[in-house]
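In order of appearance the chains are A, B, C, D, E and F, and numbering begins at 1 in each one.
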Amino acid sequence: MATVPLLSDAEMSAEARAVLDDIRATRGTDFINNFWRALAHDPALLDATWQRLKSVMGPGTLDPLTKELIYIAVSVANGCEYCAHSHTAAARARGMTSAQHGELLSVIGMASQTNALATALQVPVDDAFKL
Amino acid sequence: MATVPLLSDAEMSAEARAVLDDIRATRGTDFINNFWRALAHDPALLDATWQRLKSVMGPGTLDPLTKELIYIAVSVANGCEYCAHSHTAAARARGMTSAQHGELLSVIGMASQTNALATALQVPVDDAFKL
Amino acid sequence: MATVPLLSDAEMSAEARAVLDDIRATRGTDFINNFWRALAHDPALLDATWQRLKSVMGPGTLDPLTKELIYIAVSVANGCEYCAHSHTAAARARGMTSAQHGELLSVIGMASQTNALATALQVPVDDAFKL
Amino acid sequence: MATVPLLSDAEMSAEARAVLDDIRATRGTDFINNFWRALAHDPALLDATWQRLKSVMGPGTLDPLTKELIYIAVSVANGCEYCAHSHTAAARARGMTSAQHGELLSVIGMASQTNALATALQVPVDDAFKL
Amino acid sequence: MATVPLLSDAEMSAEARAVLDDIRATRGTDFINNFWRALAHDPALLDATWQRLKSVMGPGTLDPLTKELIYIAVSVANGCEYCAHSHTAAARARGMTSAQHGELLSVIGMASQTNALATALQVPVDDAFKL
Amino acid sequence: MATVPLLSDAEMSAEARAVLDDIRATRGTDFINNFWRALAHDPALLDATWQRLKSVMGPGTLDPLTKELIYIAVSVANGCEYCAHSHTAAARARGMTSAQHGELLSVIGMASQTNALATALQVPVDDAFKL
């Protein structure tokens, strides 16, 4: 249950529907996931979020799968249930294998552990790490 | 200032020193960063942490730089100052370019933003994302 | 499913019931939300939490709606599902419009993003910000 | 110490400098805080962050001070040291009084406490809060 | 719904099944909770996680119940729904009384509140706390 | 550098000074750590925080050292630098040994890791854990 109703295409403003049309065209599918239907209550926020996502996750020096793995890592550390599901699905769609998934989880688990240890110990940053 | 003294090689137990020797041998350098000198107060924890780190960050289906980028992402989301510094340095040592660093930050920023929006909206997980 | 049973008025101690009576009187409604029924297992904790909440959210120099918006912001950043729901409902009851909700989400999203960037970059605090 | 060098105007690209010029013009001051000088390594990220910040924190249905209070709340919950400093300074510049600051802290403290309690108790969302 | 299928004993590898056998033998029960069935997709991660858990939660200078209370505290602060449930159950199995549960929640709530206040105020560490 | 000036006894209100006097009397020392001098700007918040802390950390069914260990665990998970320092010092003052400190860190590290794994895998709560 969302804190706002999920809007169907018919219920949202023309401005919001135009964003969904661009999502469909960019992704090459008619499917629109719930996140965008919740955001559609604020067309300006919907548009800004989508435009930025399209740019950030688009072509660059990191390949698309690597970006999805990073996205999952952040989402897990932030405890976002929806995002863990949606970006794990996205990573699979971009070819993430079961072995890669296991390694991703291993790195996330390791980092979570050493993050906690470094914070508990308040380890001072080494001079060698300073620019 | 750490919450425990950072131990020099001479101050730590033989068991802890053996772990540091393995870190030096594995990394091919005499340099030992402060994290391990703080952990050296508990040789069993030091050993378990290092053995697991060596295994997790070792050869696998994800390349070493990708693992470091994921490590940075988790560390940033967890707000670990030491880890942000040490793993940014590690990623550079593994060849991270300035352009890749910028893209990493862009994905981390994007994920942080949509994590917050999905949580605020309590968006229900789409059936399409369920296995 | 809570980690403790939710207590009905009949199941809880007289001390806990007295707190619920005060909640009802203060809010002018018979409705008691689940949070208090879960806390009722520890009447001292229930009482301390309610007394402090009543004081903090009561009259002051910030208006009641502003306080609810701040409450939502913290709850989202902490990933509290129950709190996101209950305080979004509370903010609506205090007059939050759909446009204000969208702006709240926009600020929360923006802050989440720049928080991550500032942490990733470990930006030193400007002298101008120091007292 | 940042994880990247803070760039002076002379050291950054023309594209980055143009963003700083817009920050100066919008804010009516020559002062540029460190956050932007760190972001200047990636002019596209710098530009996207600033354009969105300018829009989100600009005129709307929530007043500028309320937006800064929400920004502080998120930054504190995310543990961002730089952001706690910079946005407390920004809130003061927008007129936050000492009494308002105290109330803001009280709400942040209260929310942090009840967030933890609701999560520990895994309180189910009341039907009354569902749309 | 997990992001991976939960594997039955018959569906998992022999290596994974051996870990489950050790969990059963160590705990003296046939019951295996879902966490391990999800991890079973990566036998190496499953094994490393279980071996470390068995060692960390085993005999030492802190009694088993104290360790479970600490585990709950971390899990709540990290917002882990599954862990809040599983470790509250584990603490009860180790004898946690209702009064102790209430005190645990009170300390978690108190710490969450003062953590937020100290972060918001950016209180400098006292010299007296430095080693 | 705090976001507010740390007030000396002479600079704070009589109401705030009375709280500090109670802290001194309760703790049996003249030393007042910085946290309270920062909170002294809002005597009502200072008083409420101290009164609740005195009650929560006072005699009960959990011993004082156990409460401090739980406090450290929450503080580390929340990334509170000041609190990690102040409560590690407090735990030592209550008799925490080096071995206990090491075990505490081991449990915190373990929990941080499995919290992340359970969140990444979105493991459903077992029926056996439901009341």
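Just so it is clear, a residue touches a chain if its C-beta (ideal position, glycine included) is under 8 Å from a C-beta of that chain, and two chains touch if they have at least 3 such contacts.
Everything numeric in this text was worked out from a predicted model, so none of it was measured.
J.: What are the mutual neighbours of chain B and chain D in this structure?
T.: Common neighbours, chain B/chain D: A, C, E, F.
J.: Going by the average position of its CA atoms, which chain sits the greatest distance from chain A?
T.: Centroid comparison gives F as the farthest chain from chain A.
J.: Since chain E and chain F are copies that touch, just let me know if over half of their interface numbering is common to both, same, or not, different.
T.: Same; most numbers are used by both chain E and chain F.
J.: Give the pair among A-F, A-D or B-F whose set of contact pairs overlaps with that of B-D by over half, matching residues by number.
T.: Overlap exceeds half of the contact pairs only for B-F.
J.: So which chain is farthest from chain E, going by the mean of the CA atoms in each chain?
T.: Result for the farthest chain: D.
J.: Tally the contacting C-beta pairs at the B-F interface and at the D-E interface, and name the larger one.
T.: Pair with the higher count of C-beta contacts: D-E.
J.: Averaging only over C-alpha atoms, locate the centres of chain C and chain E and give their separation in whole Å.
T.: Computed value for the inter-centroid distance: 26 Å.
J.: If you average the CA atoms of chain A and of chain B, how far apart do the two points sit, in angstrom?
T.: 21
J.: What's the distance between the Cα centroids of chain B and chain C, rounded to whole Å?
T.: Here the centre of chain C sits 33 Å away from the centre of chain B.
J.: Counting only residues that touch at least 2 other chains, which ones in chain D make the list?
T.: Chain D, residues with two or more chain partners: 1-4, 45, 48-49, 52, 74, 76-81, 84-85, 88, 99, 104-106, 108-110, 112-117, 119-122, 125, 130.
J.: For a test of understanding, state which residues of chain C touch chain B in their complex under the given definition.
T.: 72, 76-77, 79, 81, 84-85, 88, 104-105, 108-110, 112-117, 119-122
J.: Spell out the residues on chain E that touch chain A in their complex, using ranges where they run on.
T.: So the residues of chain E touching chain A come out as 1, 3-4, 41-42, 44-45, 48-49, 74, 78-81.
J.: In the complex of these two chains, what residues of chain C are touching chain A?
T.: These residues of chain C touch chain A: 79, 81, 84-85, 88, 98-99, 101-102, 105-106, 109, 116.
J.: Would you tell me which residues of chain A are touching chain D in their complex?
T.: 1-5, 48, 52, 55, 125, 130-131
J.: For a test of understanding, state which residues of chain C touch chain D in their complex under the given definition.
T.: Per the stated touch rule, the residues are 1-4, 6, 31, 33-35, 38-39, 45, 49, 52-53, 56-57, 60-62, 66-67, 69-71, 73-83, 85-89, 97, 99-100, 103-104, 106-126, 128-130.
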